[in-house]
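Below, each structure is written out as structure tokens.
Note that chain A is present in both complexes that follow, paired respectively with chain B and with chain C.
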Partner chain A sequence: MSFTISSRKRDGIEILTLAGRLVLGDGTGLLRTAVRKSLEEGNDLLLDLAGLGYMDSAGLGELVGSYASASSRMRQMKLMRPQDRIGTLLQITKLYATFEVFPDEASALAAFSEHEQL
Partner chain B sequence: MPSTTGGNEIVELQQKLARVQGLLEASRRVHSTIRLDEVLAMTLEIAAKELEAEGAFFALTGGRLGTRGNHVHGCVPDDWTRWTDCVDMTGYVSAPLTGERGETIAHLVTYRPAALSFEEADFLEGLAHQAALAIGNAQHHERMIEWERVRADLDAARAIQRSLLPQSVPEVPGYSLALRSTTCYEVGGDYVDVIPLEDGRLMMVLADVAGKGLASAMISMTFRSSFRAMSGAGLSLHEIAGRLNTLHWQEGIEARRRYVTAILLCLDRQTHRVDMVNSGHNPAFLKGATGVRTIGASGPPLGMLPGRTYETETFTIAEGEQLLLYTDGLTEVFQGDEEFGEERLQGLLADKPNDHLLDHIWAVLARFSGNARQTDDMTALYLYRGGVQ
Partner chain C sequence: MIVDPIVTELRLPTRLGFEKVAMYTAASVAELMGFSPDRVDDLKTAVAEACINAIEHGNKLNENLGVVVTLSIEDESLEVKIRDQGAGVHKVAHVPDIDRKMAGEETPRGMGMFLIQALVDEVEYVSEQSGSYARLVIHLNAEARTD
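What follows is the complex of A and B.
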């Protein structure tokens, strides 16, 4: 199963839908390019992980790298709907606390606007 | 007259035969060496000599050919560098050299004020064809030599990495300790070490650098140096973890992508006290009489995010209790889409300690994957209280 990213925008937030296997090579390269492009356009990012079945250590590194890029540009990046396997990986590596992870799109989008109001 | 016509035919046949022989001889010569520069020089020399041209050269279609910038033989006019196959320049005749995939790699060009006859142009084409084959062979040979050099480098790297693994597992009175590590490529990103401290305690580490292969192996070597330098400095484990995290993060963006998940452990065999820090690594298993306790991470992997802090977990290891540390290469062995997983690995810890547990685990994993080729580095450390007194 390969890796794909599709994108849509809502209120200045780019929602990137990740699907397949995020592993070293094409997958991590694709994510890096998509995130860089979106941040250069000045978007906040919401990554939909519902279709992401597997992620290796390089994939996890890329996800954290994306988060660091967003933070350094004062943009927000949040995650939503991780499958059990990805959720467990985030738990094991103690990264659940670093990322903001939401069960659905409505709560994730609400969190972006709360942040704006602060 | 019939006899004259027959005579002409014979002369023509003899000329054709001479050209074929000439081409055969040229072919033999360009194939007589495997060195690219020699093939190129010889081809030009033959072209100029056989066609009585003033000079000959290769016009490249991109990239480099051989070690020299230009390949030219004899005397060619000053404007020869402007030659391309798209312009018509008096006195120049060319034939393309075609690569293995049908692409034009260069043109063999001769310069002679007098036009080439049909047969001469034919010879040039035949020579270019033979030269292309010989160039292909020479390039293949060069790649083989280069690959051998890389191969020798990797073998040396592997030898160094193997030599840096604990050469013998230290005897720990009252305990039994086993280590096992197998890489998926020549070198790997897993690291396991046991360092006896001056006060009699034993420092241990099991770490996994993200990714695999040479790049991860290089990171694991730096990690090893940092850890070893700090292990005897009287720091607590969480201080060591914090410092390792900062040092690695400061190495920059490429190193951050090759972060390290690790378990640091310190055993005091007098008091049976174990200090442990888990930084983003798979949980350790502590199997006792009442079941398995897992010791999870107190912070993220080392080198991933700046300024993270870690906590030391302390427990006492009782008689007969077993501790298993492992990298995810063990849990992420697949049978089709099904992963071996933590639960199965935990299940291999029997009630009684087993001196051959790591051999058993490796055998079970090989069976589970149907003896498939290893896809990740696999490393484990197994310690139990009991055994050798």
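What follows is the complex of A and C.
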């Protein structure tokens, strides 16, 4: 399955829904473009990983690069609903502890609100 | 009694995307040997990463060169050798500095060899005059990786 991204907004947060395989090449380029566009519009980002079945080290790197881009623009980026395999890769690379990862959309959106109140 | 390993060999072009051929072949062999689905997934990721390294860094995307993947079934283990015809990749897995990567102070790429090391039981990188290879081994009786 190839990689797709769809986007929607909720409570002022852009939710990017990732599906398929995030690997070196088309997938990583597509994600970079979508993240850049959203950040240029001034959005915070929530990446829904529920449909993401596979990711290689380039895909992991793209997530890290996206996070760094968001941080440099003073925007937030969080992840939600990773499948077991993706969660394992995030843990192996110690990224699970660094990214904020949520089991569902409600808790993720609540975390954005809490951050705004700080 | 020493039994010869059962060997499967693939010849891949130096073109990104063909790592999937090696990945799925390795998965099929590992499944035949009775590895658990989690271990098969680990091997698939490690083999794909090693092939991408061979294509990108070993052969430097030179389509005149090839990548040979050799899968050897032994009694209790599966060995996968990924051989390129280039000068070789780094021999020591780079442990990524996640904080520096997240801060944008270090390239976000460069986690492949670290992933390989974390996912299989043995890793070895060998450079020879004719090229270099990565040797990955998973053992049937190894404990499942703990996260």
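Basically, the second predicted complex is superposed on the first by the 118 of 118 C-alpha atoms of A that agree within 3 Å, B and C clash if a C-alpha of one lies under 4 Å from a C-alpha of the other, contacts with A are read in each partner's own complex, and residues count from 1 in each chain.
Keep in mind that, in the parts below, a residue touches a chain if its C-beta (ideal position, glycine included) is under 8 Å from a C-beta of that chain, and two chains touch if they have at least 3 such contacts.
Please read all numbers here as calculations on a predicted model, not as lab measurements.
Once chain A is used to superpose the two complexes, chain B occupies space that clashes with chain C.
Of the two partners chain B and chain C, more residues of chain A are touched by C.
In the superposition on chain A, A:Ser72 makes contact with chain C only, while chain B stays out of contact range.
Touch criterion met: A:Gly25 reaches chain C, while chain B stays clear of it. By the document's definition of touching, neither partner reaches A:Thr33: not chain B, not chain C. When the two structures are aligned on the shared chain, A:Ser113 is found in touch with neither chain B nor chain C. Look at A:Val64: by the touch rule set out above, it reaches both chain B and chain C. Of the two partner chains, neither chain B nor chain C is touched by A:Ser6. Across the superposed pair, chain B and chain C both touch chain A at residues 24, 57-58, 60-62, 64-65, 68, 91-95, 98. If you check the complex, the residues on chain A that touch chain B are 24, 57-58, 60-62, 64-65, 68, 91-95, 98. Contact residues of chain A toward chain C in the complex are 24-25, 56-58, 60-65, 67-69, 71-72, 85, 88-89, 91-95, 98. Those residues of chain C whose C-beta lies close enough to touch chain A in the complex are 16-17, 41, 45, 48-49, 52, 96, 98-99, 101-104, 107-112, 114-115, 118-119, 147.
Considering their complex, residues 208, 210-211, 253, 256-259, 261, 280-283, 296-301, 304-305, 328 of chain B touch chain A.
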